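The next part holds the structures, each set out as structure tokens.
Consider the two complexes below, in which chain A is the common component and chain B and chain C are the respective partners.
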Partner chain A sequence: MATDGLHENETLASLKSEAESLKGKLEEERAKLHDVELHQVAERVEALGQFVMKTRRTLKGHGNKVLCMDWCKDKRRIVSSSQDGKVIVWDSFTTNKEHAVTMPCTWVMACAYAPSGCAIACGGLDNKCSVYPLTFDKNESMAAKKKSVAMHTNYLSACSFTNSDMQILTASGDGTCALWDVESGQLLQSFHGHGADVLCLDLAPSETGNTFVSGGCDKKSMVWDMRSGQCVQAFETHESDVNSVRYYPSGDAFASGSDDATCRLYDLRADREVAIYSKESIIFGASSVDFSLSGRLLFAGYNDYTINVWDVLKGARVSILFGHENRVSTLRVSPDGTAFCSGSWDHTLRVWA
Partner chain B sequence: MPIPPRASPLAMAAGPASHGGCPRAQMPHLSKMERVVVSMQDPDQGVKMRSQRLLITVIPHAVTGSDVVEWLIQKYCISEEEALHLGVLLVRHGYLYALREPRSPGLQLDETLYRFQTPYFWTSTLWPAAELDYAIYLAKKNIRKQGALVDHEKEHYDQLHRKINHTWDLVVMQAREQLRAAKQRRKGDRLVIACQEQTYWLVNRPPPGVPSVLEQGPGRGSGMARRVQMTKNTDFYKQEIECCTKALGRIRVKSSVCLEAYLKFSSQHRPHDPIMSGCLPSNPWITDDDTYWAMNAPNVAAPTKLRVERWGFSFRELLADPVGRANFMDFLRKEFSAENLSFWEACEELRHGGQAQIPTLVDSVYQQFLAPGAARWVNIDSQTMERTLEGLRQPHRYVLEDAQLHIYMLMKKDSYPRFLKSDMYKGLLAEAMILPETKRRVFPFMWKPRHSSLSPALPPASASVEPVAAAGGPGGAEGEA
Partner chain C sequence: MSSKEAIGCDIGQARQAVEQLRMEAGIDRIKVSKAAADLLQFCMEQAKSDPFLVGIPAATNPFKEKKPCAIL
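After this line comes the complex of A and B, so read on.
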């Protein structure tokens, strides 16, 4: 009916403007308690000295762009995935390859190591997340024991085991995140709210709660309650896609890296953005971020092939690391903070310390 | 002023040629690079302009690589290495080109002269590159070089010839027309336009071995997986409104309080951050000596002093460390409240366990800890106990959450502080190991074998053997010298 259509359009328009005005009010509220800037508070902190970090290991073996990597809890093994469908498990200390799997799809954009160290998860353009138990049995191919766990309606962009091998959290180009039971493949919870592809996620290091943060192409970072599926906090200050999110070690804040060439820090108790890490000469997007163990340093990999090291408290860039010959697509600090690993479109991974 | 291009160097009418341009929003780095090159061409503040002499032709508004680098250093306060890196990226993205062959993908710091690409050919203006335009370009080259195209261009030419065979006459005709029109221009202009066009195609059809700078990955307009735009229907906005309304009612903490917490956290953890403070005896990645890992293994018998200190930072850190947790359990046994920690552990197992195990786990927890007269009965307040028992009728993953939180807070507020003040903990701190630093090896060129460690994925039988710790210190390999 013509009148119904008109009515619906009015409702849609009025809802949209209501949402906009509420967002405006929210920003006002958030600003009220913002009594000091981080760099001001950090004035009395000692400046950091000269920073020397070098490539200590180069892992060669992927035939195409490295898209993702994750550390094993043993602090030396890593899993990495690439555009050509290969997923490799390395002992990066010796640089030996220990396992390799060829996925049935290209662009394996997500991979994760299970907390036990006995399995890996990966996925990409196949829209799924699959779990492979790691076996040293020569007679068994890893592909034989593959378990298909997650099913999305678009590419898988990120995955992570929760505190055990039995649950996986996924993020997808279909705009949702989801929590799955590994054994049965059952969907335990789904998270709706992003307005476009979700590109990244990170689990909160919390003692009592179950929350995680996700970032997407809608420029938003959203914090979710794993139990209820509700969004508990949302931040929309980036000017472009949010490629990477990572919690500050205390769990009270998280950093994000974006195509707008900035990294930002959001405090969860203050409920606002509290720092921007940017420089006029940094033009390309930040693809991947992670904190050093104490949270003083933020390592960020960029699409201009470099890694910038930021002083989280003072906001200044401490160092720039060259070495990769194409964009840095993934970066993670090792579980004990002794090094970090970067993966790049130049087909290699590097461990820096 | 850069030499303006001819009105329409490419066949606009002939088909799916340049349209709208690239979605700038999806490639913000291009707009930023464009702002940089525009600043570089500022008559007052820009890079020093020179003229390139080619026989009798003079091409104005050229710059050297060194001047570009110098300008970047001054403008952005960056190092020469960083400035050169940025300059190379500008060349690779087609914003700068060398007038003379050979055109290497880098930025030469000799007397090689470069010019700025005309905005008409900027990636953000004219992307994606149309096949028809590429065909015409190759046809022109083919005619001029009388069939002697470079390998990959010859391949593309043949491919296109097959693919758009039906309109090939049009392609050749356009090519001829453009070449004819070009002849009527001054030699200098002709040369520049040819360079501009070639640069454009180097970016859009890179030769084999040169990675494409325009590749974006799935979901970012590359066509492999379309970017999703969620239907912004009434439900979407209703959800946003709900989320915002809740957020407005949220209790916030003053920034000054939150930010102080970072200072405290960072300084407290600084000695424990190997990248900030180093680690003893040495960082395995730097010295190839994995003693540090052996000394800090998850269930090591003698924890280091730093490790024991960390248990005092927060209850969470104590529980996260298997050795810390085991010691805390011993302490609780002495206080006859070990069932609290066991209960908490059982709840964790439930929360993070497999879906299929839920009924069994819930039942086992109930029998052990909650049932009246249970062997290890936990002391929860009556309200929580009532709620929990009620919930147990329909067991689910989170049914014990309230009880778990209650016991957790009990331990955190009561047992944990007592543990830290106890003789037991003080004794552990006193006994804990402080490791001497292993000096950097005196002979860095000697290859030190890197010991492998057992993979966690190995079956339990072989995993019972502890990984061998590498022989620490410089004494090892050098003895053989």
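After this line comes the complex of A and C, so read on.
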């Protein structure tokens, strides 16, 4: 018995030291191919001109902090969710509210528009992700048709439909991500690997295949194979929580925003971080990031109430946008790239163009 | 749970961690110079269809105000 105990202790220790040496090897392999910096390669690219970006619409109506928003594929409608438990669908052209539903919980941290434009998904402190079909029939209440799809053991932090209305991907404070069938509520795949709350996720552009990236309180960003449930690549260069992740439009890279006040770009084929977007004067966390259509610009919302616009290739900031009166919590570029929308703890959403 | 079982759980996790790291260390990678060149190329090709770079005149961007018309 005593010898068995000793044997197991040795195996555990030897496995741990093997893990450490593999981590070292991983860094070595990545470093071997680090022959140049992205901004050096980008020296030959023309610098960007001056940008004039202003708030073109302000969406008022939430009674508390706006936590999340998403665009409809029609490039016009927006769904947003708030700490006050309300989820609102807006027509961003007219600023009219088209639908509103009150969730049974406060802190609705996640919301998403279905690809068809006929439904929305949302969730938060209720640990669930629910789907609401959107109806224009005044006699039907949205809440009556609610369908509970996902069940986690802690808060829902992010959700996204896949390329159809039939499947939803969720991220949770319980440290996992999961893929669900909307109709049956069945769990199709779960993704384990983060060492703490998962805060964000983004699906790869459909041309690049079945992967998604997630970011968490363990400072890691992880890329997952949706079919096998396996983590295929992991990156740990941020110094604090990863609040937001977004794929570069080609699908070959992704950006992340973190409480360490930086945004970073990771190239998936080089398997390493290739750019950091930071300034000594930026000391508050980045809560949300998104790319312009070509991937040249990175829009990032911060906890110091501002939005910084970065030249992705050259690494320099090209613009700083003021307007919100509290933290920027969520930011998405419209599907046709003509505008982006930001949501804030100041209870409003702004559309910028 | 006996301490032996607790150690068993740790070993299971440690083994999984080693397998995961082995897989990650072994993937195919390309040089940053090549990856960067491809990112650049994609950007340049898509630049003309990026409304933020090209600029859409107020008339066609639904969010921008159209200039007021003088009533003659």
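Quick note on the criterion: the second predicted complex is superposed on the first by the 334 of 353 C-alpha atoms of A that agree within 3 Å, B and C clash if a C-alpha of one lies under 4 Å from a C-alpha of the other, contacts with A are read in each partner's own complex, and residues count from 1 in each chain.
What we mean here is this: a contact is a pair of C-beta atoms (placed from the backbone, for glycine too) under 8 Å apart; a residue touches a chain by one contact, two chains touch by 3 or more.
Fair warning: this is a prediction, and the values are worked out from it, not measured in the lab.
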{"item": "Touched partner set for A:Ala196, first chain B, second chain C, both or neither", "value": "first"}
{"item": "Chain A residues touched - chain C or chain B, whichever exceeds", "value": "B"}
{"item": "Partner chain(s) touched by A:Asp252 [first = chain B, second = chain C, both, neither]", "value": "both"}
{"item": "Partner chain(s) touched by A:Ala143 [first = chain B, second = chain C, both, neither]", "value": "neither"}
{"item": "Contacts of A:Cys217 with chain B and chain C, given as first, second, both or neither", "value": "first"}
{"item": "Which of chain B and chain C A:Glu18 touches, first, second, both or neither", "value": "both"}
{"item": "Contacts of A:Glu98 with chain B and chain C, given as first, second, both or neither", "value": "first"}
{"item": "Contacts of A:Glu29 with chain B and chain C, given as first, second, both or neither", "value": "both"}
{"item": "Overlapping contact positions on chain A, where the chain C interface meets the chain B interface", "value": "8, 11-12, 15-16, 18-19, 22-23, 25-26, 29-30, 33-38, 41-42, 45, 53, 56-57, 76, 93, 193, 231-234, 248-250, 252-253, 267, 269-272, 274, 292-297, 312-313, 336-339, 351, 353"}
{"item": "In the complex, chain C residues that touch chain A", "value": "3-4, 7-8, 10-11, 14-15, 17-18, 20-25, 27, 29-40, 42-44, 46-47, 49-53, 56, 61-65"}
{"item": "Chain A residues touching chain C - in the complex, by the definition given at the top", "value": "4-5, 8-9, 11-12, 15-16, 18-19, 22-23, 25-26, 29-30, 33-38, 41-42, 45, 48, 51, 53, 56-57, 76, 92-93, 193, 231-234, 248-250, 252-253, 267, 269-272, 274, 292-297, 312-313, 336-339, 351, 353"}
{"item": "Chain B contact footprint on chain A (complex, rising order)", "value": "8, 11-12, 15-16, 18-19, 22-23, 25-26, 29-30, 33-38, 41-42, 45, 53, 56-57, 72-77, 91, 93-94, 96, 98, 107, 109, 116-119, 124-125, 133-136, 154-155, 157, 162-164, 166-167, 173-175, 181-184, 186, 188, 192-197, 205, 207-208, 210, 217-218, 227, 231-234, 239-241, 248-250, 252-253, 259-261, 267, 269-272, 274, 279-281, 283-285, 292-297, 303-306, 312-313, 320, 322, 326, 333, 336-340, 345, 351, 353"}
{"item": "Contact set on chain B toward chain A in their complex", "value": "25, 28-29, 32-33, 36, 72, 75-76, 78-79, 81-82, 85-86, 89, 211, 217-220, 224-225, 227-230, 232-234, 236-241, 243-248, 250, 252-263, 265-270, 272-276, 279, 283-286, 290, 292-293, 296, 314-316, 319, 348, 351-356, 397-398, 401, 405, 408, 450-453, 455-459"}
